[in-house]
Every structure is written in C-alpha cells, then in structure tokens.
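Shared between the two complexes below is subunit A, which has subunit B as its partner in the first and subunit C in the second.
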Partner chain A sequence: MINLYCEYNERLELKVTMDLVREFRPELFAFLRHLDLAHLVEEVWEPLGCSARTMAAVAFEERPWPPKGVGARALRGVAVAVISDDGQALLTPALLSPQHTTNIGLAAALTKLLLEDLIENGVDWAALLVNTRSQVVAGELRSAGFVPREARVLSEGAEFVSFAAAPKAALEQLGLADRRLGDILSLSLDQNQASRLTSFHLALAAGISNYWAGRVGWAEVFPGLIDWVALPPGGITGTPGPGGGVIDPVIFVGR
Partner chain B sequence: MIGCVKFTRSIDVVIRSYYRDFRWLALALRSLERFVSGYRRVVVVVPQASLARSDVAVLGSGANVVVQSCGDFADDYVGQQVTKLHADLYTDADIIFHLDSDQIFVAACDLRERLFEGSRLKMSFDRSRRRPANDGWRRCPESFFGRAIPWDLATPLPLAVPRHIYAALRACCSENHGKTITDYALTTAADRFCEMTLLRGYAMLEEADEYRWVDAEHGGLIPECRTFWSRSTTPSAIAGSLPTCLSAYV
Partner chain C sequence: MAVRTRVISIVCLLNDADSLGGLPVFDGGALVLHVPKSDGTVTPVNVPLSAGSIVAFSSDLFHEVRPVRSGIRFSAVAWLYEVNQSEEQLNDQSLL
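Let's look at the complex of A and B:
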C-alpha cells in the first residue's frame, strides 16, 4: 500500500556513524533547530562523544546538485546509542524532522539499522530508561521483549528504570530482523506488523516529548545520553564491580 | 568486410544504478525491452547496500537482464564512476554501452545502426566552448593523460566503448600516476573527475582513427533516448511526456 512517505523515503540515505557530531555537525544543528533542540549538540552530544562510545543511525536527504558543499545534506532522522565498555547500549528514541512525525517506516528503519550495528559491535543489551510509573511505554517495551533491570535515573522527582533486551531479540520481536530495509521504509508490511511498529515508535516519541519540552516529571522516557565514564564501577545493570560487591547504580540528573 | 564488424561484435547495455534510482531503472529496462534492438543483454550493477532497499532481482526477471552487485562507496557519486571504469569486469561483451537509470528510450532504436558508421564505432565530443576551458570536467582528461585535448569530452551518456579500453586505461593510470584508477578517482575532487572523459580521452589519444567522432552540437548519438534528471524529478512527474506504453507502466 502506498503511503505518504513511500516515495520520499526511497530517496533517503541511511547509515550508522560512530562520530555523529564530527561527521554531521552542521546538518545536526539544522536538524535540531527545527525541533528546538539545537543546544543538544554542544551541551550533550559533543562532550559525550569525547568521553563515551556512541553510535548513531542517521537518515539524510541529498540535494539534487552539487552533491557536496554547504547545504548538500539535510538530516531527517537520528537514533542514538551510548555504549558502555561492558557491552551495553543506552538508546534514545529516534528523533525525526517535524514533518515526519508519522513516518513510521523511517523510525523503524533507523531502529533496525542501529540494532543491527549494535549486534555487529558485540553489544549484548540495548536499554531504554522508562518512567517507573509508565504504562504506555513500558507496555510497548515489554511486548517487544524488553524487561526491567536494576539501573535507575532520578531526575526532577521522577524515577526512570532501565528496560533492556538483547538487540537480536528486539529485532525479532518487532518483526524487523528478516525484513528488507526498503520494505520497512515503505511500510510494505502486513497491517498487523505496521500497526505494531506504529504503536511502538509513536509511544516512544510521545513518551520522550515531555523530557525535550523540559517537563521531566511527565516524561515516560528519559534519553539514554548518559556519560558512562562518570559512573561508578559495576555498570548500569549493577553487575559486580572491582570490589566484588553488587552495585545498584542510581544516577541523579539535575537540570 | 565493412559492415560485418558491427554485426559480429557483441553489445551489452551496462547500467550502474543505486537504490534511489530503482523506479527509474525499472522504467529504463522497460523502455529497452519495448524499443531497443541490437544488443545481447542488459547488465545492471548496483552497490551491495542498495540490495537491501529493493528486490532488484525482480527487475532482472526479464530474459535479457542480469543483475550484479559491486562494492559500496562512502560517496556513491564517485562509486558509480569507478564502477563504470571497471565495466569490463561485469560483462564479456565486445562493446559496452553505458546507460544511466534515468535515460529512457521513447522510440524504436537499433543500437547497431546508431552506434556504428561502417566498421567504426561512433564517439561523441563537443567542439563548442559551452563548457569553459578551465572547467574541471573538461580539464579532467588533460590532467589524467598529461596531454592537451582541444575538445570537450564530457558530453553526456549514452556512450559505447570497446572492452579493451578499460584495462588499458587502468594500466595507464598505474603507469602515469602510480595508483589504481579507483584511488585516483577517490583522491580527485568530484568537480574534477569525469569517467566518461577518460574513456573517450583514451580513445582519442591512442586510437582516434578507429572511431567516427561526432560533434555533439549536431545532436546526440541516440536521438531515441531521452535523458531526465533523476535527482530533481520522478518517473511519475514525467510520465506525461512518455509514450503511452511507458507512461502506463509508471
């Protein structure tokens, strides 16, 4: 079935980069400016990229001609993972351009690319931080094979818990594992699967919107932009640290 | 013997495409099937990564279409040029006829009649000053071969090239520049590298008498082939300007 974004998505280039800010700095500013999030580049992603290992699935559009130079590329979607040394990744739900709010094919394609690259890079667990009082997002994640773990983030009186899944299992649960990228971009899927991806991605996008708007207490999702290097030994799931004792990490994030 | 050569030398159409052009590619293949004769088969070459974007095998389901994959390039604009310079590795045809995905035949065409004059293959150039002398693409073959070329060789595709030129050109690159033609392309700015000018340049500098040189000012070699620009329009948008048998297919 032809949808609003079929033809547009065919033109998008998708790739995974380990160096989002250096490779896409001007495009990132332009992309985030339209989401009122341009401050993230210098305040978060740039310093985070210096201290932690990050991976980002990006989708961009190229202008007709010339193929290089200022303004040649325009980002349309970004999904970021911050990776720890012990094989875990914290995800931030895909950000899409304002005109692509319902472009589920694009969001799902970014998810697929990112999860596949996490697998290739030996990442065992992919996690999202979810408000402990969340039902909508928590329900979607549970149905996609994510389960609550021990790590916590406390911010603005709200508590967020890590929901984690093996990337391969998440791909399979979401029906993205054996699908051609082009079919996902065009949502050439049966209606049940398209609906599944729709509820998953819309829930995540809506769940994090209150955080981006500065209403942390009402956010169902907390962005996975955590500086792992600053954490105490033991990792985010509370595995034994050098001292042998189990640490249940709690991260306090102010504004 | 004149007149025999063009019938004994096999011609393959080679289209280097990628995911963004698959709708155009489908249309181009349809137009070849509908209007064009005189070739043996169509060889479609796409980067490995593009295979994930569509079922290209469906496009190659026609009897005369073969789909092959090539390596991925960070910059596929250069990538498609590099692939074309290695086209002889994707087909064993005597003559390789390069076509782009957005080049559509709109009337009947016998390639052998269009590509040869007697026993000589036609090759186009542009005697006009439309492209200035300091233009990067115009200067590309001079920089590559280190010899003056008075004409503009950056005339658009289609282009038919005898297969021996590809290996000879690659050897020439190693000898003159100490690097592969892939590395040469990757280390040259996009506005200073044009693969067609190198293929034509070799023919002009090394074996000019073997060809019938045609000034592009007098029209393209294949008037039945229309060139669109896939980066700025779509098959649906130009459907009205196509013959009914093709527009119905868009």
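Let's look at the complex of A and C:
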C-alpha cells in the first residue's frame, strides 16, 4: 500500500542515544523551535540529563554533501524515556516534525526502537502519565497492555496516573515485536495493525498537545520528563506503606 | 596518456527485503539519487530496486546508499567510461 511518508522514511536514520542534548543540541533546538517547544532543551532536558538517566530514540535526516557542518542533520522525530535505577521508565509520546503529524510509521518505529532498548537495559516497566479523567488515551493504553498503577502527578488542578506495561508485552500488543523496522516505517502491515498503530499514536499525540500548549487541565497525557529524584520510593509503581497497605504516591509538578 | 572518466554508473541489486527465493534479506539500504532541478535545488529520489533489477544513471549525479538496518545488502556495480586519449596516442594509432 502506498504511504505518503514511505520513501521519505527510508532515507531517515534512526538510533537510540543516552545523551540526546549533547549529541543533538543544535538539531534539537531547530526541531523543537518549529513545535514552539525550544525552551524544553535548556529548561527541562538539559537539567534532566544531569540528574537522571534518559534514553531517546531519534530519527534524523542527513544532508548528502557536505556531510558535516551547520545544517548537516535535521531531527524529524524524538521519543524520550527517563529511566530509574530500579528498572522503570517514564515515557513521553513521540514528538514529530509539524509536517509529519500523520507519519505513524515513524512514530511506531521510534516506539519500537525505544522499547527494545529499554528491554536491553533491563527496564521492567515503561509508563505514561495519563489524566485520571481520560477515556481516549486510557482506552488506547489499556488495549496496548498498559494498566493503571499507583503513582500520580498533580499539576494545575489536574491529576495524572501512571499507566505501566512491560516493554516486551507492549511491543507484542502493538504488533511491533517481530516486525522489521523498514516494514513499520513504510506501514507495510495489514490494515488492522496499521489502524491500531494509528489510533494509538494519534491518541497519544493529541492527548499531550494541550500540555504542550500550556493547557494542563485539558491534557490527557502528562510528559514523562520528571526527575526521578522527585518520585516517591518505588518509582512509578510505588511501594507498600509500613502497614502493608497500598500507598498512593503523589508527585506535585508545578509549571 | 589516456584518461578514463566515469560517465554512467550501473547498479544491480542482488538481494532485497523479500525472503522469497531463498536469498538473504536486508532492511534499509535505500539507493537515493540527488537530482538537481532547474531552480538550483536538489531533490532526493529513492530508486525502487528489487533483486535482479538494474539501474543506470549519470556518474556525476550525487547518490548514496542509506544505512542497512539489518541483514546484508549485496549489489554489483559497473561503470561505463569515456576515454580521452592524448594526441600522441592518437598519432600512434593512425600510423598503424
């Protein structure tokens, strides 16, 4: 089946980096500027990179010649995970260039790369923070094997709960586990699977858009760009209290 | 002295992403030609190749093979040359 982004995606290079800001700093600024999010580099990702372990799957375009110098690379997509020492990761939905909002193949390929690398790095749980009043995103995550856990984020009157899944299970549920990256990038999948990936990624992208626009109360997804220092014991899943009862860890995040 | 200049580049892909036929497969490795347009811009064009297909293009055209993500990409390449012979060699040939 012909896909608008098929040929373009074949020219992209994809990789996972543990040092996004240092490795792609100018490209990151250029990429985020077009999304009106350039402030994230210095205000969030740079300090986060100093105190927490982050992992990012990136897709970038390369200029054929000259291959080095200003403008030689251009980022087209980024998916970030913040990893804790106890094998948990907080995800942020993949960010794509404005012209690639429906490039589901790229979003899915970034998700696959990131989740596979999380598995290799011994991460047991990957989680997204979802508005407790969310039906659209929560439903999509449930169908991909994510289940609500204990940790919560409160911000500007909105409450977000973590939805977590084992990365391997999520890959399988999304049908990405045994697929070649090229097939995913070109969406050379059966229509049911392509539709599933489409609803999953579009729901996440739309769900977080209100947060990026500064309307936190209307956001269905909260970005997983939280320093693990701020998390309660046990990280995203929380730990039982002294009495053995289930605690309800809450993280307060100001803007 | 003869100077050989590449004029036409020829690429034959020997395997592809399709496992049918028992050939080794690969993922990625797109052949991209960067075609100059009259307005001075350059447009990247992916050349759709399957095992056994051949593409020929002007050797002065920028082209590249994108990284192979998995497997091994086998291809055969050949060039057609233009040979510029020196005046001396041309004279020698005319004497024969």
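Things worth noting here:
Please note the rule applied: the second predicted complex is superposed on the first by the 242 of 255 C-alpha atoms of A that agree within 3 Å, B and C clash if a C-alpha of one lies under 4 Å from a C-alpha of the other, contacts with A are read in each partner's own complex, and residues count from 1 in each chain.
Basically, a contact is a pair of C-beta atoms (placed from the backbone, for glycine too) under 8 Å apart; a residue touches a chain by one contact, two chains touch by 3 or more.
Quick caveat: nothing in here was measured; it's all calculated off a predicted structure.
Superposition of the two complexes onto subunit A shows a clash between subunit B and subunit C. In the overlay built on the shared chain, the residue A:Pro98 is in contact with neither subunit B nor subunit C.
In the superposed pair of complexes, A:Lys68 makes contact with subunit B only, with no contact to subunit C. Of the two partner chains placed by superposition, A:Gly157 touches none, neither subunit B nor subunit C.
By the document's definition of touching, neither partner reaches A:Gly122: not subunit B, not subunit C. Touch criterion met: A:Leu181 reaches subunit B and subunit C at once. Residues 7, 10-11, 64-65, 180-182 of subunit A lie in contact with subunit B in one complex and with subunit C in the other. Contact residues of subunit A toward subunit B in the complex are 7, 10-11, 62, 64-68, 180-182, 185. The part of subunit B that touches subunit A in the complex is made up of residues 19-20, 22-23, 52-55, 75, 77, 190-191, 229, 231-232, 234, 236. On the side of subunit C, the complex with subunit A involves touching residues 17, 27-28, 30, 32, 34, 42, 44, 46, 62, 64, 66-67, 69-70.
On subunit A, the positions that touch subunit C within their shared complex are 7, 10-11, 13-14, 64-65, 180-183.
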